[in-house]
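Here subunit A shows up in two complexes: once beside subunit B, once beside subunit C.
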Partner chain A sequence: MKKLLNTLYVTSQGTYLSKDGECVVIRAENGQKKRFPVHVLDGIVCFGNVLCSPFLLGHCGEKGLALSFMTERGRYLAGVRGPQSGNVLLRREQYRQADDPVASADIARSVIAGKVVNSRAVLRRCLRDHGDRVDAGMLERAVCTLDECARRLQTPVSLDEARGMEGQAAGAYFAVFGQMVLQDEEAFSFDGRNRRPPLDAVNCLLSFVYTLLAHDVRSALEAVGLDPQVGFLHRDRPGRPGLALDVMEEFRSFMADRLVLSLINRGEVRARGFVTKESGAVFMDDDTRKTVLTAWQKRKQDEAMHPFLRERIPLGLAFHVQAQLIARSIRGDLDGYPPYYWK
Partner chain B sequence: MLVLVSYDVSFENPDGKRRLQKIAKICENYGQRVQYSVFECVVDPAQWAQLRHRLLDAYDEEVDSLRFYFLGKNWQRRVEQHGAGEAYDPETDVLIL
Partner chain C sequence: MDRTLPLSALQHYLYCPRQCALIHVEKVWAENRFTAEGRLLHLRADSGSAGRRGGVAEDRAVPIRSDRLGLYGVADVVEMRPGPDGREIPYPVEYKRGSPKVEDWDRAQLCAQAMCLEEMLGAVIRDGAIFYGKPRRRERVVFDTPLRSLVEQSCRDMHTMVETAQTPPATHGKRCRGCSLKGACMPKTGQDVERYLLKGLEP
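Let's turn to the complex of A and B:
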């Protein structure tokens, strides 16, 4: 079984990463120097002005480390991959199925079913824990809508119908999402998703955590030899990791959304940790970003029962397991793609 | 698993310094230096076989000594740190710089 390895996040500006033997050496502007052996890591994420030597890039490619560059705010800029590896036959089959509307609809349906069921579980968890502090009627109505969607997704649907279900479910879910913010409701008010740029603190947190999730899912897909660009639910668009977005859907609500909610509700992020620019865009400061990164890393170490494997695994490994499962269903070794249902 | 590697390299013959550097280099590639000639290496069995092989290749069995301590998978409970020096846990620490 694969081991959950650590991810290195570099947020200090002006740092230089280089390779020395089998190690990453990190030199900060103030002369501080740190080193980590490459084999304890499975990815490096650089924020803002961070430089990497070409030899380090090559070494990461060779060892299968995912290396991503983001802006300081967490928008994805570029990723570096080594020589293309993995199974070309699997990738070809992936492309064939992505071109086939029936096969695509099947995988898209599983992915959305996973998303809907997990979103519903998040709402139900909130009702159970804080039923007295939220508008229970509204939340219950949203749960009903999601139930309805989940039921309709049990039988085969066309790709467009599947997308319609997703839209309906997401609409119902985000309509009540703001209800689940229980701390400092004024500063963390939420009415609907917005991004590029995010216009409030909650959207800012959500977008940031989604990019972290995307990095991890993408590297898991690459590790099993799939092409993260070619999705089934998300159609091809240059520069968009379609398949990574597909697989992310299942994880968004319980990994990312709940993380954001608990950071706010436990008071770990505060209103003063956010800056509003003249354009209306909201950004977080360095300390808040570190808090979020720490929480994300900890979240990945939480263990849960995998619904398909029936084995307890860290959530961070669940990305890799789902990547394996989707590869197997593309190969035809499984009858369908079993999404990750969170309990 | 965690393996603690410690070594003593003799400087009696002129070759000693080079051996010392070589051994230090090998250890650095697999773990972190926690004291001058003590390294903590978190490795899987295959990596350990590699590391051990390289070390045994580099030392001089007549005059140097190598000691390996196997602290297993749940090593976190078995290590205490006091005083100067800062070590990280490569498995669970959040690596943000």
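Let's turn to the complex of A and C:
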């Protein structure tokens, strides 16, 4: 099995990254230098004004390292790809199936199954661990809605039904999400998703962690030769990584949302780490951003049994495995796409 | 053959046709310790230049190809040994980091090199050698009819596979242990996705 390697997150402004032999050299604005061998990395994420030499970009492309540029606040700007990326035959098959409503609905069904089952598992885990501190009735009603979705997914669904169910599952889940915040509930109150810009601290955290998840899922898809823009559940929209959004569905609740909840509930991020702008937009400060990045990196190292492969792997590798499995189901090596079920 | 494949593809094909398809059809490549060591070993071998060794002229990193087999590549070392009629006969030598294998993978690759040289030079080459890094010893290889047929048949099958872009299904075996593409190949995954899907959806 592939090894989980590190992702290098560069947040210091004005840093210059270059290539020296098989190493990445990081030079900070004050002249301080650090170096990392390329073979211990599988991605570099640059936030804001971080500069990279063309030779480093080329080397990353050649070695299959995902290199992404984000704004300081984590909005994706651009990524670097090498001269030959992936397998054109696989991509053509991906396009054919994305054009075919029946084939698309099959994959969409798996993706939604992953989303529903994992969201339900997160709510159940909360009921089990903190049943006395939350409105258990409300959470149980949400679990019932998700149960109903799960039941309908036991038989094939149309693409429209799958999309409808995605909305229904997300609605039920986010309606009770705020219940799972157990620390400093006033500062971290949550009534539903909002973004661009996020209007509260919880949404600010969620959006940022989703960006990190999107980066990792996108690069895993690119690494196996799939086109991250062409999705099955998510319709094509220029500039939107449809397939990355598809595969993210199964990971959002247990990888991203639970990370946000535990950062808040363990007091690792605090209300004073957020800045509210005149417009009501909420942003996190540099220290909070670093805390989130470190926690994300650590979360990816947690190991769990992959439910389909029956092999213990770090969660960060699960993105690659799912990308591999979706590629194999597109190629017809597998008779469907098995989502990652979190237990 | 309208498409030529690297000589290494033949060796991959003999080792495992699926591995060959993953590399040349699916364009998957993953390096592990073994492939990295092999790459560095060749980097060193390829950096040498032509010279004489014990009275025998030798050339290193010799580009070779065969239109008939549809192969191209680089021979590590080609020695020019004097033949009985005074003409020099090429003698290919291949460097391998590991130890000699029971199977014909390495011998077939060397034989293919010889067949390339024969086509390019109009010569007849009867033998060559493989230098193994583990015992640090040369093994002589005779290019007999069965070995030549193996090369020809494998080349034909391999080209058909790549031309039609058919990746054979995975079969799990002992070979998988040292394979750098195991992660991409997933030789052990079962087929029944629907059952797995339903099991997860249970209340």
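Just so it is clear, the second predicted complex is superposed on the first by the 342 of 343 C-alpha atoms of A that agree within 3 Å, B and C clash if a C-alpha of one lies under 4 Å from a C-alpha of the other, contacts with A are read in each partner's own complex, and residues count from 1 in each chain.
Everything below uses one rule, namely that a contact is a pair of C-beta atoms (placed from the backbone, for glycine too) under 8 Å apart; a residue touches a chain by one contact, two chains touch by 3 or more.
Just so we're clear, the structure is a prediction, and the values are computed from it rather than from any experiment.
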{"item": "Touching partner for A:307 - first (subunit B), second (subunit C), both, neither", "value": "second"}
{"item": "First (subunit B), second (subunit C), both or neither touched by A:290", "value": "first"}
{"item": "Superposition-derived comparison: subunit B or subunit C, residues of subunit A touched", "value": "C"}
{"item": "Touching partner for A:275 - first (subunit B), second (subunit C), both, neither", "value": "neither"}
{"item": "Touched partner set for A:110, first subunit B, second subunit C, both or neither", "value": "second"}
{"item": "Subunit B versus subunit C as contact partner of A:51, first or second or both or neither", "value": "neither"}
{"item": "Contacts of A:331 with subunit B and subunit C, given as first, second, both or neither", "value": "second"}
{"item": "Partner chain(s) touched by A:102 [first = subunit B, second = subunit C, both, neither]", "value": "neither"}
{"item": "Which of subunit B and subunit C A:90 touches, first, second, both or neither", "value": "second"}
{"item": "First, second, both or neither for A:34, with subunit B first and subunit C second", "value": "first"}
{"item": "Of all residues in subunit A, those that touch subunit C in their complex", "value": "1-2, 84, 86-87, 89-90, 109-110, 113-114, 116-117, 147, 150-151, 153-154, 224-225, 307-309, 320, 324-325, 328-329, 331, 333-339, 341"}
{"item": "Partner subunit A, residues of subunit B touching it in the complex", "value": "25, 28-32, 41-44, 47, 90-97"}
{"item": "Touching residues (chain side subunit C, partner subunit A) in the complex", "value": "25-28, 30, 165, 167, 169-170, 182-184, 186, 188-189, 191-194, 196-198, 200-203"}
{"item": "Subunit B partner contacts - residues on subunit A that touch it in the complex", "value": "3, 6-12, 15, 20-23, 26, 28, 34-37, 39-41, 290, 293-294, 297-298, 301"}
